[in-house]
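Both complexes below contain chain A, partnered by chain B and then by chain C.
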Partner chain A sequence: MTTSISELSAQVRRLRKHDAWYKNPLWGRLAVIECLALVLSIMTNETQGSPSDYTLLFKDSWFCVRGVQFLVAGAIVFVIAEVWRARGLSRIAAQATQPVRDLRRNKVLTNPWTKRGVLLAVTVIAVLLPLMGMFTLPYFQSVLAGQVGVYVLAALGLNVVVGWAGLLDLGYIAFFAIGAYTTAILSGKLPVGDDGNPELHPPIHLNLFFAFPIAVLLTMVAGLILGAPTLRLRGDYLAIVTLGFHEIVLNVAKNDPRGLTNGSLGATSISTFRFNLFGVHYDWRTNDAKPYWYLAIGIIIVVVFAFRRLEHSKVGRSWTAIREDEVAAAASGVPTVKYKLMAFAIGASTSGFAGVLATAKITAITPDNFPLTLSIFVLAYVIFGGMGSITGVIVGASLMTFLPAFLQGPPSWFNSGHPVVNVNDIPMWIGGVLLVMMIFRPQGLIPSKRRAQELSQAEHGVGDADAMTSPAEGVAQ
Partner chain B sequence: MTTSTQTVPAGTGTGEPVLRAQGVTLRFGGLTSLDDVSVELRRGEILAVIGPNGAGKTSLFNCLTGVYLPQEGGIEFQAEPGGSWLSLRGRKPHLVNRAGVSRTFQNIRLFNALTVLENVQIAAETRVASGPVGIMLGLPGNNKAARAARHHSREMLDFVGLRGKESLIASGLSYGDQRRLEIARALASDPKVLLLDEPAAGTNPSEKLGLAQLIQRINTELGISILLIEHDMRLVMSVASRITVLNFGKVIASGSPAEVQQNPAVIEAYLGSGAVAEESVEAEAEAEAEAETVTDVVTETVTETETVTEVDTVTDVVTETDVVETEAVETETEAVETDTVAGTDADEEGSK
Partner chain C sequence: MYITQHFWELLFQGIRLGSLYALIAIGYTMVYGVLQLINFAHSEVFMSGAFGGVFMLTALIGNKGKVPSGFAAFEYTALALLAGAAVGALIAFSLERVAYRPLRQRHAPKLVYLITAIGASIFLYNVAGKLFGRNNLQVPESFHSGKVFTFPGAGAPGPRTVKSLDLLIIGSALVMMIVLDIVINRTKLGAGIRAVAQDTETAQLMGVDVNKVISRTFLIGGLLGGLGGVLYGMFHSVTYTMGFAPGIKAFTAAVLGGIGNVRGAMLGGLLLGVVESFGQAQFHLEWVDVVSFVVLVAVLLFRPTGILGERTGRTA
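So, the complex of A and B:
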């Protein structure tokens, strides 16, 4: 049998020798890259089309110096890619990251006290951050409190659902919205009556700190209501259902049931956090973002400690078991539906928590604050950082929320304070970053050990990297 | 077909049933996988279920453990001697496990990204009553319970002979060790009945010997009744106190190992109908003058195909060998393809 293989391959090689040069796929790749370069040349051109000269845009982006520049750039990319390809992509990547891996294996770093020290240092830096460099600017303080803090918290919750339990949730921000609307109602700005005056109607005026437990309970219940009938679905089906749930919540908010949500106008001038106990009085004012940042850090620390305990407990292990092999988990006595519901409820309540925090900071909400893309973005933060890894998710969410804000309005020392790229193009660049990331490091920035293990096994054809596919030996009905 | 021998000599068990299936019928559309199957596992015994590939052995296991819901029939389990009978039919898999019936799988199903210890811990901790809120708050009771479960898991790993491999990743174990780990995981939830689905499939002879000893130790030292599916007849003959034979979803024989070997229906099921089979049986019986004749032949044919492929044994022996051959051809063509890719550059026209 072996002789026939070698004969065949020899025959193939002989045949190929007489092939025309243009059949070599090398040139196909070059053509694709050059075409992409030309398209990019048009896409990034500031010149608009003109009715008097239809070919203006092409003349201006292809048949001039600009076009040549892009073609040359494409050729350079091609050469680099081919060299890279010839030398073995994964080997180069492995060599490049070797020092990092050596560092991670270092004894000093794996010592629990070192870890605690690093954790403390990170916390101290985070607390002092608003006093440093560009973060003294109100704009960046606001970004820290309103974007980074809030979405790190939300991403931590989504990590429980997606990263640990392996359930794909595309409607995660729906719970965030429920938390936000709960805040607005409890603070007395909703519902708005026929006369348009909120002050006359609402029955409740609560200190916003009480909104936390109520919002958590409500979102938990919402998570259970969504989860109970749908969690028997797997992977993609569940994702579609959660997508629908997001749309439902958004449309309910827009349709203004009984004046509860005030339609697309939403609620404005929602009160902020206030502390008034034992003679100590403190007010979180809207003109200073720093206190919100501290509050967010405090909440995140509590959540991280709680979730770390969960991860290394019976619950975390059961989630991993369900994610890896639901049939085997059930056969080992793990109540799978209960644990999936638990993950859903914990994730949903964390999202609600983040919703309260965000609402108190921005003090005005409309349904447009909670678009579907936000759900997708939070999922992207989790995947970017590394599914299942708390550190990874925090780093990923911080970077991915901070990056667009930075590109939009950098400090004066960077690009002399002008937006780095066209503001409308920012989602494109963020998408590009995600794309590159997923190609070269699919496990995320700082992957969890278990997830990295699963991914490498999936690449070798053993097991699944996610809960998207049902096991081969399914359940008959 | 049904010539089941009802008179059964007393095995090592007490004779009282612990798990019984009566008239179980399972259909997938028009295909009847199990047809009026009745099996009775007695307390303290090792009952082997054998039969050609596709006979419905694993389907029976799946019915017993709640994975499949049989259309007809009853499945009952008695945890304690003299206790009440609990119906397992239609019970959720995790509740079947909780009741005291645990199982292993034909194609090993471990949690591959977890460590050996964690695999067992998951099963052990299903008996621990601690909720997520308590865990997040770090209540001391939870830590104590978790420690006890970990200790129990270690004991089970020691019992199956995986001491010192606790912190390895499960998928990194050898095939035989993975089988043992699956057994340890099944034992960790303190079952009364253990269902082993081909525990020796794909293991080498020395590993098989070790497994036979392990199965007997589970039976005698832990006092667990065992229902065993196995193709390796040497293993079955050495450990089983009784044997039930399935063919085409029906029980065709049941009794002690010696009785089952002599049963003409069993011989027919394994070696095909007619005189050819019986002739060969007689010839070998004369040559060796032993009672192991039929089973030897069966073992040889079955184990050969098994060790070569390790494919899910769903089809019968003949078709399986066919599969082996076609697969070998496929891998060859694949090899050719990879070869061409590894050459200078892949070209579709070239390979044709």
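So, the complex of A and C:
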């Protein structure tokens, strides 16, 4: 085989280019770190941009001392990281922390009684939380009851649909809204009559505790209504249809069919929970959030207990089978239609609880309380915490709901009365946290054992980590 | 009947809206084709493209309030569209590099991609809001959008007038779609995209550089999305949250046409635009979303993989 000079020189040029200094991955890493530093320099800048001068923020965070500071900090981080890498320090660190990780397999810790003890301790801490530190502030108590408790419940329900049955639901808050509107109707604040005053002719006026079973039943039916026509659809098609379902529910609420939802005005001054049994009388008052928190904990405990039983029952195993391979599950005699509908119904009914709870806490609802982004956020809580793992979902939802509230901060909390970051920047930080978290820990904070196993298998090319891409056509028929 | 009286103008409005949807939907569908990923951050590509166009026009024309004419008008419009497309492509490209490539290397499940995309979307539009302010920006007029012709019919001539801006929107969308169709079906890059969409592993074995193809797919989607953003901004206005609603609609259009299928996205976009236009006339403005989603559900009930079925590879 003869090789001409021109071909040879072309090869040499190619080889040279491969060895060129700028091809060294070192510089790529430096560039990434410096870019990150520049982005952080903008993110942490207190200045807000103005439409009249769109270069303002660049001038204010890149082309000034601030930009240089961030670049230098980035370079320092780069040097440390490279030294770390060159010395193999991560291995040394792994060796040093090995005893800690071995603890996980310790007999005492894996003992079911220890687990139950930990569970009890966590519950006690949750109950005592409003008496501790910053949670004594009414602002944080309100956040606990109105956000953390409610969204933990919602995320637990969505976990059934997404984490266990593997059905992608992007419209979950629609059920939450149905629960909330049911509460408003049952408490006599909706529908408003022609005069706009529901008080004059209340169709129903119930104690809100009775709203729980009715809302749960209604959301369950709504779940079936959504589930039935979508059984043939697979992952992404299901996503858009559920999203459409949310949009339809929201539009119906907004457009006020026959005064039932009072349009964009919604319902106000909805009564709260009260209790009058065996001579004991108790009112959940709007100025104290603690009782709502205790109620939320109570419901969460019941739901978690039920779901734990469900997870390891025949139903839970069927869901796992459907999630991992729907065709194989159907072939093995799992009635996929029944179990998929069941997942939708159970998932939806949990958000009925959450809807009643949230409505009683905030006492006023409008369609704006249930935006599409909220549905997406609840899904993000589930994935963030670790799909399929009850602990993970609870931790994920609590952290992700608490973080924005914490960043916003109550007035005069610390930082001399200013919020920790500018209120307008909070969604940016949430998005950033979500992004970074997913890139570096795709399995979520506390993944369930089975999901972690599926993920590591998928990483090595064995099977798919979820059933989102396998066709479900013809299976459901 | 209002609809029969105003059939042609409603159809025209639908096509105008639909061609914008189609431009964005192509980005969703192409990315879905190669990665099986709903790129929720694509709406932010659209938004950043619009910002690119606005700033280009502001830099060129300024706030003098004088509308350029003649060759200048043509030049400025073309430059704004180019700037928007370039910014959109840049954002889409870096998105793939920063967010999706690390996940791909770890074979992360699809849901993780989805949440990453959502995180990126939230992050990007809020950064844009922080950078450029949170008010509506009016796009400086790069040309005088005069009346071209009027549809015959009863009632006020206002909604029946076709302006040059309308023709610009439809025209550039049409040109881009034809060019894209040629690129997908006739060029080497298009063959690569189709191969990766059909079977990534086999394509890799056949010598297709999958990473490069995916990067370029994002580039093309970003180009079209950015261009659509500028056109949308010229018609409405530009703000940091402008991506969300058209993004959802374009995604619906992509699913309607059969996600993963480029011609399906074009068809789905146009169809959704026309359905919305007629739905708005027949029912009310506030029921438009309900109408379009009901149509989507109805189509998916009978054809669970959309009108033209799936995958870029199979149809071409």
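Here is the rule we use: the second predicted complex is superposed on the first by the 370 of 477 C-alpha atoms of A that agree within 3 Å, B and C clash if a C-alpha of one lies under 4 Å from a C-alpha of the other, contacts with A are read in each partner's own complex, and residues count from 1 in each chain.
Assume a contact is a pair of C-beta atoms (placed from the backbone, for glycine too) under 8 Å apart; a residue touches a chain by one contact, two chains touch by 3 or more.
Quick caveat, the model's predicted, so the values are computed rather than measured.
Visitor: Once the shared chain is lined up, is A:169 touching chain B (first), chain C (second), both, or neither of them?
Guide: So A:169 meets neither chain B nor chain C here.
Visitor: Who does A:60 touch here: chain B (first), chain C (second), both, or neither?
Guide: In the superposition, A:60 contacts neither chain B nor chain C.
Visitor: Is A:384 touching the first partner chain B, the second partner chain C, both, or neither of them?
Guide: Touch status of A:384: second partner only.
Visitor: Does chain B (first) or chain C (second) touch A:315, or do both, or does neither?
Guide: first
Visitor: Please work out whether A:244 is in contact with chain B alone, chain C alone, both, or neither, and reply first, second, both or neither.
Guide: A:244: touches chain C, not chain B.
Visitor: Counting residues of chain A in contact, which comes out ahead: chain B or chain C?
Guide: Result: the larger residue contact count on chain A belongs to C.
Visitor: Please write out, lowest number first, the residues of chain A touched by both chain B and chain C across the two complexes.
Guide: In the superposed arrangement, which is not itself an observed complex, chain A uses residues 454, 473 for both chain B and chain C.
Visitor: Which chain A residues qualify as touching chain C in the complex?
Guide: Listed in rising order, the residues of chain A that touch chain C are 42-43, 48-52, 54, 57-58, 162, 168, 229, 232-237, 239-241, 243-245, 247-248, 251-252, 254-255, 372-373, 376, 379-380, 383-384, 387, 424-425, 427-428, 430-435, 437-439, 442, 454-455, 458-459, 461, 464-466, 468-469, 473.
Visitor: Can you check the complex and tell me which residues of chain A touch chain B?
Guide: Against chain B, chain A makes touches at 1, 4-5, 8-9, 12-13, 15-16, 19, 23-26, 306-307, 309-310, 313-315, 317-318, 320-321, 324-325, 327-336, 342, 346, 450-451, 453-454, 457, 462-463, 471, 473, 475-477.
Visitor: Provide the residue numbers of chain B that touch chain A in the complex, in ascending order.
Guide: 28, 62, 65, 67-69, 92-94, 97-98, 102-103, 105, 107, 109-114, 118, 121-123, 125-128, 130, 132, 135-138, 142, 146, 149, 169, 171, 185-186, 188-189, 312, 332, 335-336, 339-340, 343-347, 349-351
Visitor: Would you mind writing out the residues of chain C in touch with chain A in their complex?
Guide: 32, 36, 38, 40, 55, 58, 98-99, 102-103, 106-112, 114-116, 118-124, 126-127, 129-135, 137, 244, 248, 251-252, 255, 259, 284, 286-287, 289-290, 293-294, 296-297, 300-301, 304-306
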